[in-house]
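The structures come next, written out as C-alpha cells.
In the two complexes below, chain A is the common chain; its partner is chain B in one and chain C in the other.
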Partner chain A sequence: MSRRFRLPKDRLAALAADWDLLILLSYCVYYLVNYWYRATHFVKPSYQVPFPGYAYGLTVAATFFLAVLWENLGTSIGWKGVGLVLSDGNGHPLGLARRVGHVATDFVSWAVTLLAAALVLAPPAGLATLFYGLASRTGIGLLPSAPFWPLGPWYAVLGQTVGLVAALSVVSAGCWWVARALCRWLWPGRKGQTPWVDRAVGSAVCRPADLESLGRPRRWWQTSWGLMTLLLVAVAVYVGALTTQFSLGTLIRRASSTGYFWRRLVSPDFQYFTAPDPDLGDTLLNGIIQTIFMSLMATLLGVLLAFPLSFLGARNMVTKSRWGWGVYTLVRAFFNVGRSIEPFVMAVFFGVLVGYGAFAGVLALFVHTIAALGKLYSEQIESIDPGPVEAITASGGSRVQVLRFGVMPQIIPPFLAFTLYRWDINVRMATIIGIVGGGGIGRFFNYYKNELLYEKVGAVIIIITVVVWAMDYISGRVRERIT
Partner chain B sequence: MAEPQLVIERVTKIYERGDVLALRDVSLTVNKGEFLVLIGLSGSGKSTLLRCINRLIEPTSGRILLNGVDVTQATGAELRRIRRQIGMVFQHFNLVKRSSVLRNVLAGRLGYAPPLPTLVGRFPRTDLDRARQSLETVGLVEKMYTRADQLSGGQQQRVGIARALMQEPELILADEPVSALDPATANSVLQYLEEMNREHGVTVICALHFLSLARRYGTRIIALKDGAVVFEGLPREIDNVRFKEIYGEDAEEVEVR
Partner chain C sequence: MTDGARRSPRAQDTVSGLSRAARTAVVWAKRFCRWLSILVIDGVFLSYVFVMGSYVATRVASGAGSYLPISGGLVVLLAIAAAVVWGAFGTSVGIKVVAFLTGKPVPSRARGRRRRFVAADAGDSTRIGRPVPEPSRPQPSKTQAPAKIPWYRTLWGWSIVLCLIVTLAAATVITSVDFSRLVRSFPDAAKILRRLVRPDTTIFAEVVRLTIITVFMGLMSTLLAIPVAVVLSFLGARNLTRGPIGRPVYFVVRALSSMVRSIEPIIWAIVFVIWVRPGPFPGMLALFVCSIADLAKLYSEQLESIDPGPAEAITAVGGRRLQVLVYSIVPQIINPYLSFTLYRCDINVRMGTVIGMVGGGGIGMLLMQYVRVNEWEEVSMCLAAIIAVVWSIDTLSARLRARLS
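Showing the complex of A and B:
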C-alpha cells in the first residue's frame, strides 16, 4: 500500500481542475492586457497584442507547473472540491509551516529533476553541436552543412522537436525515478504516503474522514482555495462585463428614446387572430394551435423512445458485464450530448433535412426530449427502492416479471410527472422555435419583428404568455396530484 | 432419520468491493420442520448466509444442496424453480409501497403463474383465491385493496409473510423479520411464522437480534461471528458465557417479551 500512489483518480481530477482554473485565469490576464493596451494606445479596434505560437506551449507548461505547486500546498480548489487533505501521516492536518515546506520541497525536487535531466542531456547535445559546427565549417561529415537547429523543412523540424521533447521526458523520468529511489532509501515511508515529497516532509494524502482531529478550522479567506476563488470570481465578473459590453449607461440612455416601441407593443393588434394574415397565409389561432400540437407530438414520440432507453441508461438495470457497461455508457453519452444540443440548433439541421416548418420543429424538440426525458427517467430508475426487486427475484420471478412487478409500479407515477413537466417545457420552446424556421407561432413573431409591426408582435407575445402560463399552471397542479 | 432438507457445505463469501470476508467456511445442515434461528451481531454474516441459500448473493465457494439439488449450480429456469420453493421475509418488508396489498401478495405467485398473462397483470382464478386465503391466514383480508404504504409496520410484515405463503414454500428464510417492529408486534409476527412451522411443517430459518425471541421460538440456534459459526445447539444451552462469546465482552442481554 505504501508504495502505491494514493487516490490516483481523485488527485488527477483535482490537478485537472486546478490546471484548468489557472489556464482560465491566464486567458483572462491576456484578455485584460489586450483590452488595456487598446484603451490606452491609438491602435485599430481590431488590433491584438501579439501572442506567438510558442507562448501557448509556455502558458500550458507554466500553468501546469503552478498547479502542481498549488496542489502541494494541500488547499487548492481541486483538492477542496474532490475532498482531499494533506495530513501529517498521524491523522492530523499538516500545519501551515510544513505546508509551505511541502511546496518548497516539491519546487526543489522539480528543479533538481530538470537540472539533472539537463546535465545528462548536455554532453550529447554539446557533442552534436560540436559535430555540426565542425561539419558546417569543414564540409566533412555525415550530414550536409546547415545551422544547428531548426534543420530542414517543417516535417524535419517537427521530428526534431518531438525527439527533443521525448529525450527530455525520458531522461527526466529516469532522474525522477532515481531520486524517488533515493528518497525511499533515505526516508522509509509510512502507510498512505506517496514517494517523493511526502516522504521528505513526512506528510500523507488522505480524506477528511481519515483525520482523527480536524485541527483549528480555517475561515475561507485564510485558505488558498478561498482567496483563489475570490480572485477568479472578481476577474470573471470584470472580464465578463468587458466581453459582454455591459453598460448601464447604454441601458438608461437608450431606454428613454424607445417610447414609440413600447407604445406600439402595449396596443396589441389582434386583427389576424382569426382572420388569415395575407402575407403568412394563416391565422394566429392556427399558429398557436400548431405550436401546442408540435409540443404534444414531440413529447409523445420522445416518451416512446426515452422509456425503453432509460432502462439501458440506469446503472441498476444493466448487467454488470462489459457489454452492460458499454451499453450503459453509450446511452448515457447520448443523453448528455442530446441534452446539450439546443433544439434551436437542431431545428436548423432538420430544416435542411425535411424543409423549414412545423415538422422540422417537431423533430428538433423530439430529439431533445428523448435525451432530456431519458436522463430524468433513468435517474428515477436508479433511485428506486431495491427491496421489491429483491423480493420478486427471491420468489422466483423472471427478469421481465421483476421489471413489471418490482420496478414499474415504483416508476410510473414519477414518469408521468416528468413527462408532463417536459411537455410544459416543450410548449415553451415550441412557441419560439419558429424563429429559426421551426413553424408554429414563432414564425409570426419572427415575421412581425422583422417587418417592424410592433402592434402585432405585442399580440403574439400576449398569446404566447397566456398559453405558456396556462400550461405551466395546469401541469404544476396535475404533478402535485401525482406525486 | 431422513436426509436433511438443506445442506450447506463450506460456503465462503468474499465481497470484491472492499475485500470483505463475509462468510468463512460455513457448513451446516437443516432438517425438515426445524425452526432454526441465526443470531449474531450486525455484520456477522446472517443476511449474507440467508441470501446465499436462494442465490440473491452468489457464494464465492462452497455448495448448497436443497433436497439433494445443488442450488449453486442452478441457472435460469432451474434457479427460478428452486427459488419459488423458498419463501423469504425481509427486515424492511420489501413491499411495493404504491401497489395494493393484493398485488403485493400476488407477486409471490410469479414463479408459478403463466408468464405472459401476468405481464398484463392477469393472474389465474386459483391464485386470486389463494391470495385471499393467505391474507386470511395473517388476518388482513379486509385490507386487500389498500395501498401497502397505508398499513402499519406489523401489518406490512404480515403482508410480506402472506406473499411468502403464496409460494407454498417448503422453506422460509426470514431476515430479521421483526427488527423494524416494536416488541409486541414482533411477537405477533413471529407467531405467524411459528404457526407455519408447527402446523404446515414449513422449515424456517430466521435471523434474529434478540436472544429472548430466539430462545422462545427457535428449535435450534446457530450463532455467527465475523462470518464463522461459533455456536450451534439448543436454545437453553446459551448461557452467560456463551452469550459473551457471541456478542463480545461488553454486551448485556436485553429481554424482549
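Showing the complex of A and C:
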C-alpha cells in the first residue's frame, strides 16, 4: 500500500467525452422525433411529443452503458482522443472474446461496488430520513429554514443531491479501495492494468505507439470512432440546420426585398463626420476618438489590476500552503468567469449602475480585460524558466530580488505583447459596446440603425473598419518587434 | 547597363545589379523616405500632444472645450516646423520610433558631430604615439551611438512622459471616468447582486433549449465555414499564388478577409437581421461570415509557413499536382487546421451568446429580454447557463488543441 491513490484522469475524461457524445446523439434523436411528428401531424409548432418522464433518465443511464460497451469492444472517440488502446498485455490488440470478458468483468465489479455501497448506505440513509421526517414534522431541527439561505428554493434540491452524491462517492471509493488492495495482494499485475478487470482477463491499457501492429492498420473510416465521428457530424449538421432555421430560400428571397438597404448602405454619408449631428449632439469623429480612448482607459486600468492578480493566479508563484491554494483557485475562477461573460453583457449591467455612457463601457471592458489579461499573464508566469529564480534564491536573494531579477526580465516582453493585443481587441469591442449604451461610435450606429438612416450606418461601418484595421496592423507590427 | 563588362568586383557582388548612379539614387531615396516618415511621426506626435493638451486644459478650466482652440492649419504648420527643428537638432520621438520599427539605429547629423567630437577626444592619446591594441578599443561605427544616455536625460524621454500624461488626462475627460459614481451606486449594485444570486429556476427548460440552439449556431457556422475557408486559404497563401492571375487573387482575398474581420460579428448580425428576419439563422450567418474571414487568414498563414522540402521532393520524382497536395501539403497542415477550427468554434459559441442581444437568436435574446425589464433573477439563470457552456467549451477546446500541437 505504499503507492498513492491516483485518479485515472485520462480514462475518466474519455468516459465523460463518450457519454456526452452519446447523450448529444440521443438529444438529436429526441429532437428529430419531435420534429418529424410535428411535420406529419397537424399540431401547433410548439407541440412536444409526450415521452414518459422516466424515458430521459433511462436514456442517460443507457448512454452510460453504451459508452462503457463502446470503450471496451472497440476504440471509442474518447479513448482515441486521450490516446489509449486496449491491448492483451503483450503488445498486441485484444481479441473479441477477451474484450467481451473485459466488459463483463467491468459490469460485474461495478454492480458489486454499487451493491456494497447501497448496503453500507442503507442504515444511515434510513436514520437520516427518519430524523429529517421527525424534525420537519415537529418543527425542531438543526437545519435552518429555507429562506435563510441565499439559494432559496434551490437549497432543498441542492442539499439532497450533494448529500447523496457525496455519500455514494465516499462509500464506493472506500469499497473500491479495499477491493483494489485485495486485488493487488492476489494478482501482482503488469503496467497499465487496472486493479481487477485487466488482471482477470489479462489485458492492459497502453498507448497506440506501444502496440505492435499485426498487418495493415485499418483506415480511419473502417474504425468505430471514425464511423461514429461521421455519424455525429452528419446528425449535428442536420439537427443544427433545423434548430438554427437554416434556409437558403429565405436568404435569396429576402435579398431582393432588402435591395434598398444595400443600395443605401454602400453609398455612405459622411455628413456628420466633422459637423455635429443635431440629434446626438456630437460628431462621428468625436465618437471614434471616444471609442479609442475608452479602449485605452480600459486597457490601462485593466493592466494595473491584472498584473498583481496574475501572480496570485500562477501556480508556481503562490505558496504551497492551503491559503495559497485557495487564493489561486479563487483568482483562477474569477478569470474564467470574467472571460465567459462578454463585455457586451457587462455594459448593460454597468449602464444600469452608473448610467449609460462611456464610463459604463469602460467599466465593462475593464472587468473583461482584467480577466482575459490575467489569464494570459498568469499562464506566461507559469511557463517561465525556473533556472534564474533558483539561481537568485540559491545566492541568497530576497523574494523581491527574485521577482525583480529572476521573474521580471522573462515576462516583460510577452506581457507588453499581450497588452497590445488586448488593446487591439478592446478597440474592436469598444466600437460595438455603444449599441447597448456603452458610449463611443456604437451609440451612433445604434441610433442610425433604429432611425433607418442606412447611409449613415454605412459611414459608421467604414469608420469602424478603418480604425480597427489600422489598430490591428500597428499592434501586429509592434508585437512583431517586441517578441 | 552600358558598362556591364567593366563593372568593378565591388559592384558585381550587389544583388540588384544596378549602376552606381542608380544605387546612389536608391540610397538617397531610402534616406529621404526615412526622413519623411520621421518628420510625419514627429508632426503627428507634436500636434497630438498640443491638441489633446489644450483640450484637457480648456475642459478642466471652463467645463466645455473643443479640440482646437486655434485654426487647424496653423496647428499643422507649427507642428511641421517644430518637427523639422527637432529631427534636425536632437533625437526626436520619430527617430526613436523609426529605429524601433525598422530595427536599425538611425544616424543623425547632430549625433554624427557629437560622435566625431567624442572620438577625437578619446583618440587623443593614440595620436600622440601610444599605440593601443586594436580589439580593446573598437572604433565607434557610423551608426552606433557613442554612449548610452539614460532616457530621463533626453528630450524624447520626457516628451513621451508628457504625451502619456496628456493621454491619460484626455482619456479620463473624454470617457468621463468617475469612480465616485461607481462607489455611490454600491447600494444599487448590492440590491442587484442579491437578486443575481437567486436564479429563477422556473425558466430552466427554456434556458436549456436556447443554450442548445446557441451551441448549434456556433457548431453550424464553424462546420459550414471550413470548406469555404480551406478553398480561400489556398488562394490567399503567398507561396502558392504566383503569376499574373495568382497575385491579384491573393491581394483581393487577403484584403477582403481583413476587411470582414475588422467588422465585429455583432454588426454582421445586425445586417443579417435586417436581411432575413430575427432568429437563430441571421446569428448563424453572421458567425459564418466572420469565421470564413478569420479561418481563411489563419489557414493561409499556416500554408505560407509550410516546409517546401516535401513538395519539391514529390515534384522531383514526377508527382502530379494533386499528389503534391495530398502527400506533402496536407500532412503538414492538417493538425494546425484542426486546432484553428477548434479555436474558432470556441469563439463562435462565445460570440453566439451575445449575438442574440441584437436579434440573432439563442440565449442572448432571452438575456436581453430580461435585462431590458430588470428581471435579475432570470438574468442570473441565463448567465449561469452562458458561463457553464462557455467555460466547458473553452476548457475542452484548450485541452484538444494542446493535444493537437
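Definition applied: the second predicted complex is superposed on the first by the 354 of 483 C-alpha atoms of A that agree within 3 Å, B and C clash if a C-alpha of one lies under 4 Å from a C-alpha of the other, contacts with A are read in each partner's own complex, and residues count from 1 in each chain.
Simple rule for what comes next: a residue touches a chain if its C-beta (ideal position, glycine included) is under 8 Å from a C-beta of that chain, and two chains touch if they have at least 3 such contacts.
Please read all numbers here as calculations on a predicted model, not as lab measurements.
Undergrad: A:297 contacts which: chain B (first), chain C (second), both, neither?
TA: In the superposition, A:297 contacts chain C only.
Undergrad: Applying the touch criterion given at the start, work out whether A:358 contacts chain B, chain C, both or neither, answering first, second, both or neither.
TA: In the superposition, A:358 touches chain C alone.
Undergrad: Check the residue A:371 against both partner chains and state whether it touches chain B (first), chain C (second), both, or neither.
TA: A:371 contacts neither chain B nor chain C.
Undergrad: Answer with first, second, both or neither: which of chain B and chain C does A:395 touch in the superposed model?
TA: first
Undergrad: Tell me which of chain B and chain C touches more residues of chain A.
TA: The larger set of chain A residues in touch belongs to C.
Undergrad: Return first, second, both or neither, reflecting whether A:459 touches chain B, chain C, both chains, or no partner chain.
TA: neither
Undergrad: In the overlay, answer first, second, both or neither for which of chain B and chain C A:237 touches.
TA: The answer is second: A:237 touches chain C but not chain B.
Undergrad: Check whether A:404 is in contact with chain B, with chain C, with both or with neither, and answer first, second, both or neither.
TA: Once the two structures are laid over each other on A, A:404 reaches chain B alone.
Undergrad: Tell me which partner A:385 touches in the superposition: chain B (first), chain C (second), both or neither.
TA: After superposition on chain A, A:385 lies in contact with chain B alone.
Undergrad: If you lay the two complexes on top of each other, which residues of chain A touch chain B in one and chain C in the other?
TA: None.
Undergrad: Please name which positions on chain A make contact with chain B in the complex.
TA: Residues 385, 387-388, 390-398, 400-401, 404-406, 409-410, 413.
Undergrad: Which part of chain C faces chain A closely enough to touch in the complex?
TA: Spelled out, the residues of chain C in touch with chain A are 100-101, 103, 167-168, 170-172, 174-178, 181-182, 185, 188-189, 192, 197-199, 201, 212-213, 216-217, 219-220, 223, 258-259, 261-264, 266-267, 270-271, 274-277, 279-281, 283-285, 350-351, 353-354, 357-358, 361, 367-368, 371, 374, 383, 386-387, 390-391, 394, 399-400, 403.
Undergrad: Under the definition above, what is the set of chain B residues touching chain A in their complex?
TA: The touching residues are 54, 56, 80-84, 86-88, 90, 92-99, 103, 107-112, 115, 118-119, 160, 163-164, 166-167, 173.
Undergrad: Please output the residues of chain A touching chain C within their complex, sorted ascending.
TA: Residues 13, 27, 81-83, 150-154, 233, 236-237, 239-241, 243-247, 250-251, 254-255, 258, 261, 265, 289-290, 293-294, 296-297, 300, 336-337, 339-342, 344-345, 348-349, 352-355, 357-359, 361-363, 428-429, 431-432, 435-436, 439, 445, 449, 461, 464-466, 468-469, 472, 477-478, 481 of chain A touch chain C in their complex.
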